[in-house]
Amino acid sequence: MNEQPIWSIFVNAALVNNFVLAYFLGICPFLGVSQKVATAARMGGAVMFVMLVSSVCAFGIHHVLLAIGTPFLELIAFITVIASTVQLVEMIIRKFSPALFRALGIFLPLITTNCAILGLALFQTNREYDFVQCLAYALGAGVGFTLALVLMAGIREKLTLAPVPDVVEGTASALLVAGILSLTFMGFAGLGAQ
Amino acid sequence: MTNPETPSSTNEFMKGLWRENPVFVQVLGMCPVLAVSNTAMNALAMGLATAFVLLMSNLLVSLLRDFIPRQVRIASYILIIATFVTLTDYAIEAISLDLHKALGAFISLIVANCLILGRAEAFASKNGVGNAALDALGMGAGFTLALFCLGAVRELLGAGSLFGFAVLPGGFEPWIVMILPSGGFFTLAFWLIAIRIFERRRERRQTAEALQ
Amino acid sequence: MTASIDAWPMYRALVGIGVGCGLLIALVYVGTLPHIERQRAAALEQAVFAVLPGSASRRTFVFDAAGTLVADTGSDGSRVHAGYDAAGRLLGVAIEAEGMGYADTIEILYGYVPADERIVGLRVLASKETPGLGDKIETDERYRANFEALDVRLDAAGEALVNPIAVVKPGTKSNAWEIDGITGATISAQAVGNTVAASAARWLPAVRRNREALAAGGQHDES
C-alpha cells in the first residue's frame, strides 16, 4: 500500500529523483545519444513510450507472480517479458506506421537493454504503487529522462565549439557536464515533500 | 608488447585489469559504478557481486556455446545472467541485510550491465571454458578495482572515512557533494582525466626512448 | 537461407535454459529463505524494542484499509507491531509509516503507548536525506527528543486527535503535541512530522478500537 499522491510521484520521478541524474539509470544512451538536440528529443520520446509499455507489463507480471506464489522469478520474468514486448512493439510499429518507425525505430533495440527501463519496473514494484501510480511514475521517469537528455545535448552542441583541453575531451567532459547538471537538479529537491 | 595473436593465460587476465579495463577504458556498466560507489564498502561489494555474476555466466555461456543456436543467443544469455543475478541477490540478503539495503535495486540491475552481456557475446561464446573463466576473472577484477577506486575517493573526501573508519583528522570538513549523485560524475571524470594524463606521459616517454 | 529453419534447436535451448534457471533459482530461494526471514525478524524486533523502551517480546498484527484487524496472511494491509513487557502485558504498539522527504521516501517506525496516549520513540528505517543536513532527522538529539513524549490524546469518541500534531519553527515548541523543527533541515523535519501526524490520525483510532485484541496477543506468545 502506498498512498503517495499522483502529482508527487510525477514530480519526483521527473525532477527530484531524475532517473539519469540522481539514480544513474540509462547512462549509456545519456552519454551516447546526446550529441544533437533533435536526436536526443526523439530518443527521449522512444524511451518514454517503452517506459509506459514496460511499466504496464511489470505491473501485470508482479501481480501474476504474486498470485501463483513465485516472487523469486520476478527479475527473470521482467527482463524477458520487457525485452520481448519491446521487440513486438517494434515489429508492430514497422508494419503499421513506417513514419513512426523511422522516427523511433532505430532506438528501440538500444532501449531494451537500457537499465532505466528495468529500474523503473523494479522501483515501482518495491514501492507497491497501484496501476495509476505506476503510469504516473513511468510518465514522470520518461519526461525526466527526455529532459536530462535534451539539456545535455544542448550543452554538448555548444561545447563542440569551445576550446576544451584535449585530456578532458570525450567522456570526461560529458561526465563533468552531467555532474553539473545533477547539481542543478538538486535545486528541485523538496518539491515533492509532504 | 605482447602479441595479440597468441593469447597467454596471464594476458587474458591482465587485459581486463588495465589495458581494457571495463570502467576506465571501455566506459561500460556506468549505472552501478556511479550509483553505489558512495562508500568503499558498497563499491567493493558491488564489484564482487558483478564479478561473480560475470564469472558464472561466462562459464555457462562457454559451456553451452554449441548448444545455443545463433538466433536465440541473446535471449539465452539474458536468461542465464538474470538467474545468477537473482542468486546473488538472495545470497547478499542472507549475508547482510544492511548491505542489501544499501545496494538496493542496484543488485538486480546487474542484469542490465552491458559489461556482462558484452563479455558473453564477444568472448565467452567463442572461447573455451578456461579462457572464458580467465577473461571473466580479469574483467571482474578490473571492474571491482575501478569501483573501489571511485568508492574510496568518494568516501574519503565526502565523509572523511574509509570503510566506515574515520581516517582524516577531525578538523576536516567533509565535501558532502562527493557522496551526492553529482560527486559520482565528478569523481569518474577526474579518474578518466588522470588516467589519460598518465597514458600521455608514458607514450611520450616511449617515443622519446624509441628516438634515442 | 531457406524458409524452413530448423526450429527444434532453438526451442530446446530456450526451454532447456529457462527450466534449468528456474529450478536453480527456486532451489536457492528455498535454501536462503529461512535465514533471510530470521534476519529480517531480528532487525524488526530490534527496531520495535528501540521505539518501545522496556518491551521484551513483540507480535505483528495486520489492519485492512478500513482499520479492522485481519489475520496476518501476506503483504496486503498495514502492519502494526505490538510490544509486550516481560510479564506479557501490552506496553505499546510500533507503527510503520512512510512519506516523501526532501530527496526520497523516508520510512519510519514510531512507538505509541495507548495507556499514556503518547508517542515514546521514533526511528528512521530508511532515508536518503542529504548527509549533514537532512539526515539530522536521525542524528539531531533535540529533534529526536520531540518524539520521546509526544502528546497524541484521542477525543472522547476515539476517532480523532484532540490536538493535531504540528511541526513548529525551531525553538518555539510550547505544547506537548508540537514538534520542534531543525534549522537547516526544515523540509526533512517537516516531512517526518507530517508523516507521523498523518499516520497517527489514521491508525491510532484503529489501535484504540482493537486494544483488547492487541493486549491478548501477549498472553499466549510465550513459546
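Here the chain labels run A, B and C in written order, and each chain numbers its own residues starting at 1.
In the analysis below, a residue touches a chain if its C-beta (ideal position, glycine included) is under 8 Å from a C-beta of that chain, and two chains touch if they have at least 3 such contacts.
No experiment lies behind these values; they were computed from the predicted model shown.
Of all chains shown, A has the CA centroid lying nearest to the centroid of every protein CA atom.
Set side by side, the interfaces B-C and A-B show unequal numbers of C-beta pairs in contact, with more at A-B. The distance from the centre of chain A to the centre of chain C, each centre being the mean of the chain's C-alpha atoms, comes to 30 Å. If each chain is reduced to the centroid of its CA atoms, chain B and chain C end up 35 Å from each other.
Chain A and chain B have centres, each the mean of its CA atoms, that are 23 Å apart. Residue positions 21, 25, 29, 130 of chain C are each in touch with at least two other chains. In chain A, the residues that touch at least two other chains are 72, 76. Counting partner chains per residue, chain B has residues 75, 79, 82-83, 86, 90, 180 touching two or more of them.
Note for the complex: chain B touches chain C at residues 64, 67-69, 71-72, 75-76, 79-80, 82-83, 86-87, 90-91, 93-94, 97, 101, 158-159, 174, 176, 179-180. By the touch criterion stated above, chain A contacts chain C in their complex at residues 1-2, 4, 8, 12, 16-17, 66, 70, 72-73, 76, 127-128, 189-190, 192-194.
Interface residues of chain C, counted against chain A in their complex, comprise 21-22, 25-26, 29, 65, 75-78, 98-105, 130, 187-188, 190-191, 194-195, 198.
The touching residues of chain C, counted against chain B in their complex, run 5, 9-10, 12-14, 16-18, 21, 24-25, 28-29, 32, 35-36, 39-40, 43, 126, 130-133. Contact residues of chain B toward chain A in the complex are 27, 30-35, 75, 78-79, 82-83, 85-86, 89-90, 105, 108-109, 111-114, 117, 177, 180-186, 188-189, 192-193, 196-197, 200.
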